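Here it is, the structure, as structure tokens.
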Amino acid sequence: MVLAAKIVGPGNLEVQDFPYTKPGPNAVTIKVEMCGICGTDKHTFRGENTQYGGRPVQYPIIPGHEILGKILEIGSREEPLTDYYGSPLREGDRVIVLPNIGCGKCYYCKHGFPPYFCPDTVDYGNLLNCNKPPYLFGGWAEVMYLLPGTTLFKAPDSMAPEIAVLTEVFAVTASLDKAKEFCTVANEGFRFGDTVLVQGAGPIGIAHLVKAQMLGAGRVIVVDKSDYRLALAKELGADYVFNIDELGLNKLLKSVMDITNGLGADVVVECAGVPEAIIQGLEFLRVGGMYVVVGIFVSLGEISFDPHRLILAKNARIIGIGGDEPTSYGPSMQLMAKWANFLPLNKIVTHRFKIADAKLAIQQALDLNSCKVVFEP
Amino acid sequence: MVLAAKIVGPGNLEVQDFPYTKPGPNAVTIKVEMCGICGTDKHTFRGENTQYGGRPVQYPIIPGHEILGKILEIGSREEPLTDYYGSPLREGDRVIVLPNIGCGKCYYCKHGFPPYFCPDTVDYGNLLNCNKPPYLFGGWAEVMYLLPGTTLFKAPDSMAPEIAVLTEVFAVTASLDKAKEFCTVANEGFRFGDTVLVQGAGPIGIAHLVKAQMLGAGRVIVVDKSDYRLALAKELGADYVFNIDELGLNKLLKSVMDITNGLGADVVVECAGVPEAIIQGLEFLRVGGMYVVVGIFVSLGEISFDPHRLILAKNARIIGIGGDEPTSYGPSMQLMAKWANFLPLNKIVTHRFKIADAKLAIQQALDLNSCKVVFEP
Amino acid sequence: MVLAAKIVGPGNLEVQDFPYTKPGPNAVTIKVEMCGICGTDKHTFRGENTQYGGRPVQYPIIPGHEILGKILEIGSREEPLTDYYGSPLREGDRVIVLPNIGCGKCYYCKHGFPPYFCPDTVDYGNLLNCNKPPYLFGGWAEVMYLLPGTTLFKAPDSMAPEIAVLTEVFAVTASLDKAKEFCTVANEGFRFGDTVLVQGAGPIGIAHLVKAQMLGAGRVIVVDKSDYRLALAKELGADYVFNIDELGLNKLLKSVMDITNGLGADVVVECAGVPEAIIQGLEFLRVGGMYVVVGIFVSLGEISFDPHRLILAKNARIIGIGGDEPTSYGPSMQLMAKWANFLPLNKIVTHRFKIADAKLAIQQALDLNSCKVVFEP
Amino acid sequence: MVLAAKIVGPGNLEVQDFPYTKPGPNAVTIKVEMCGICGTDKHTFRGENTQYGGRPVQYPIIPGHEILGKILEIGSREEPLTDYYGSPLREGDRVIVLPNIGCGKCYYCKHGFPPYFCPDTVDYGNLLNCNKPPYLFGGWAEVMYLLPGTTLFKAPDSMAPEIAVLTEVFAVTASLDKAKEFCTVANEGFRFGDTVLVQGAGPIGIAHLVKAQMLGAGRVIVVDKSDYRLALAKELGADYVFNIDELGLNKLLKSVMDITNGLGADVVVECAGVPEAIIQGLEFLRVGGMYVVVGIFVSLGEISFDPHRLILAKNARIIGIGGDEPTSYGPSMQLMAKWANFLPLNKIVTHRFKIADAKLAIQQALDLNSCKVVFEP
């Protein structure tokens, strides 16, 4: 039997034994080594389940899509199993799992978009529920069942699990690579030396703080309402941290303007997950700056603002990023390994739990005195 | 004396004689051949004068920044007068006037941004009022006075005035060049063959309709509430035109989805000038599409929407374009001349008035049964 | 039996009957309606067979990869046959064939590159020879056999065959979309209004001439040594045509500089297929301009030049384009249909032959008094 | 009197006293704190003086354009002196000097290109000779005379001179920002995690090694023929260093392929300054990779290669970078300050000399057992 944590419905988490199913043709099972609790999982727990632009989560589900594991069994196959980069995979190999599988046939799959664009995407720990065998479609479990077509990334044995488990989170920061793609000599996007302001110092915010430095940010400003998280941000290289609850929006805005010679931040990244962050974020942005919306993964209501002032007259460039890209996993692992020499990346995981303690784990994750909370089955 | 039309205050337009001032050192005067009435001018007339992200218009002003004229007198100079491309300019030469002058010292001027980014930009027909000599800082006049540093573009004598006068309007469509710059193989921005939807068939909308074709749009859909303007859009190459008032938003949205195989338009351009257009525009947009906000030049209130659904989950790319670029004037003239062979560009100017009839002119411009209304002093 | 033309070896073309093979699972057969003779085919005929960066053509082959046909038979399938855009396909439907099939597993296929990047790409009319059943892997035949995984594009019945057959050629001009992608406000790549110089007025050159106009070129200059082809270029919108053999390089260079105010062309496209064109092309280019190498599909020897002068000091941007992209086929068809109203695209096909007259056809294609020569089986 | 080193002609260096000239209107004089010896200076010394695409150096000149100094006197001005970012400048302030001044009128200056594109650019230490008063137009001197219009950058007092003096060298690495600008999801340019190969471990090569890391390179490979320099590269973060003279080209190529799974480097940067490096560099490059030519600042002869194989079939993207951009100076200083915490940037300057010892200094700079050699007047 396999122990797993499932969300039965809003606010209702249970730990349960599921039967193990041997992998069918082209499927794989893995033993979970570590799996993170994502902000989306917290929304799912709270019942905020209009996600991915309208698709409702179908309870019950086993959450968990930030997955580090070891291959347990490989189903029958015509061709040998390989990872995304073509490396052969065998039982016992350590892997990261890409949580999405695209349909391969739609406009987006045909045109080279990452699978999170696919309207029929399969999504571990979110859109696949645990009503039917083989049940084990989420990472908050001792074992996972991976469908044919799942993309795997070989993880080096030498990498600390608390860093390897962040690969999916760092892959989300392809948002900043995208911002960089929009960069031109004429000062679009995210340029070398730019001031980047990150709204929110949860795991996604911290990952963006680190990624901004990896890509050549000049200064990074981090805003949150938790001193615990801001202290962590400081340790991870933030040049300035501000507690928005203590300071208030006006003083914060003034501080940002002082730091930037009255211009505003060149790039602002919304990692706060609340609608009102977007209006604040556009205020922090310089004219012609780039605003990256990457945190608000769940529908939490509307915002209201003057589009003349905050979009047109500001010449704002705004990009929404709804997921992570397979092409980012390898580089994320590689660069986390390098930057672990420069910054204490091992401190991003702040709390570890067993599956049996799932209720404690989700409470800890909801507490602002934590950053990344993980399961270690 | 020089006859000019001035807006004294909201709703209050007068025609008046101003004294002529000979140009001082490095200044120039021009005889206006033709000058357009812009949507911004209509807002100024209506008293909607919070423009350019907060700077209020200081009445009284002589409006008019879409200016075609002939050089009347050239003030004393150390070096010969040349146009933007280095062509020598003499009295009698036909020119287009760039309405903005940047300060040359600020962050934006130093970093190669166009002058409309400059916080201290000088702006003919808008930010310069007519309280003091030399008064004549707008194009709704027989003569204009151009300050030192004004950029001029030589216009070919062979070009019909009703096409040459559109140069500034077409220069605004550098918005679509910007959208094209954001284009990548991975399907950002405005790609060859894309479906472009233009909201609003006033002069700016019509210019974007034409420019979209010039840049390789596959299909252009135009939405307006005036059948008069939609008929013009059809003549100017629109593949589909829809009257949103007749059809209603839901049926219109369904039509757009039918045309685009259920995806939505790849690029949507807001040329409607009203806040609610933005919410509608984001609905028309495909996932990962680009939304260009180029019409709402004046503050007209707030909009309210769910940023999860319309930005993040949609992976929207939104760019605000607050003006036109000097680099676009030459290419705009060149390509209008070419495309006049393919499409009846001469029909975009629908009504012509003398300065003395300025009240009639502004009424005609406010009437939806017109497109570009111009003064022919 | 199926009549086809095969190249047995250098200079040796034969017409032969092949047996027809019914399509196996997931395969398709088509009746060829029209198929072009490409420059690469001419090289193959001449024995210049080090193509695609080193892979030698393995004679005998049935050439032909510019293929318009009608579906003859569809092999057994689990899912219905659809085209690239998801349109259902039935027997009798008119289709364009994508000549390449990627392996789906390599670095390039995994990272969203078009299949011509794939080192194991399958290539109709070039890398697949006709030694074994089902033989019919080229378009110079009455019927073709298409392997499982072949990408098809539905062609409208209303489109003239002499235009539809150009779809693959136009898809190669994604080179200019790529040049446009490199465009920034700071004047990289191919901007609106730019001067584009096309070296060579064969079918690829003519396609680039038209595509440059479709994407907003200000002026197009075409250079060739055949007056026949230059006259065609003029009809298809070239602003200037020059016969390099008559004029000589120095006078030609002077003419280009005169047209461009001494700057040189913003974009130069090599469609000549000979190594020395590259050195000439870099001379025509303005400082900071973009040079697109898209014609030299076959190894024909080395060139020699000073990289300080022609690359570094010129701040040149040079891109090699080794094939066409599936994403370009639909837009190419759509825009050719539109532009057939503006320019006589139907004149690009200058000569038509039956398969039985293949020797005459190849001779005509080698003659500079032709542009696109096609088979009409 | 002011002591300075001048190159009288090829191989002929003299130290001489020049009279000091007080700065005229809008001019400035500075006391040189430190000035580097650039590769270009070494070419000038050797008599390899066809630089900048053809403009010959006019001996005698005082070389030196990597300039750190303190403001000595400020000539009369109408407006207060400020640095590029608007900070006020006073006598005694520490500054970096931008070596180029654009004309402000040509196509390139008008279109936002950096001044090194300007055909009439003024260039300290290179194009301005020392035949006439005020003579002091190079940094190998105790004092420099700066013409009106010279761009200055305030340098923080806290920055070690051996790091501040590298600002101009690092500004040249805007080449990699440019490579990054060309980056798209579809794998153009320089992406996060990419393998960057730097040819040459002189100061420019070392700067690119560091900059590649600042911008998110996954791995950096450095190739040189000096073990001294390769050891320095290793200390400054190179993942692999290879001595091409010891290893030979074939073994080196095999090593690069082994490191990159047989693909080749994603980005190769030519910092070697010799023509043959370009052919080798294209061999190291993966299909679709980006080649940056930034080292060959002087004409040293021709190279010969097959453009089919190394450009077209390789789908190469090649960019020549002929100088540095003012927009890069501030970010370079900022990021060098940050990275001095991660890597020993202070070791890049390996040797320091007095002006009086200029002959020893140039000999040391020509010796491969050095990296950056500087004057400390």
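By letter and in written order, the chains are A, B, C and D; residue numbering begins at 1 in each of them.
Note that a residue touches a chain if its C-beta (ideal position, glycine included) is under 8 Å from a C-beta of that chain, and two chains touch if they have at least 3 such contacts.
Values in this document were obtained by computation on a predicted structure and should not be read as measured data.
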By label, the chains that touch chain B as well as chain D are A, C
Higher number of C-beta pairs in contact (A-C or A-B) found for A-B
Taking each chain's mean CA coordinate, chain A and chain B are separated, in whole Å, by 41
Separation of the C-alpha centres, chain A versus chain C, in whole Å, is 43
Multi-chain contacts in chain A, i.e. residues touching at least two other chains, fall at 85-86, 107, 111-112, 181, 184-188, 261, 327
Contact graph of the chains (line, ring, star, complete, other): complete
Interface with chain D, chain A side, in the complex: residues 85-86, 112, 174, 177-178, 180-181, 183-187, 191-194, 213-216, 218-219, 261, 325, 327-328, 330-332, 334-335, 338, 341-342
In the complex, chain B touches chain A at residues 50-54, 107-108, 111-113, 117, 119, 181-182, 184-188, 261, 263, 275, 278, 287-288, 293-309, 311-322
The answer for chain D against chain B in the complex is residues 82, 84-86, 105-107, 110-112, 184-188, 326-327
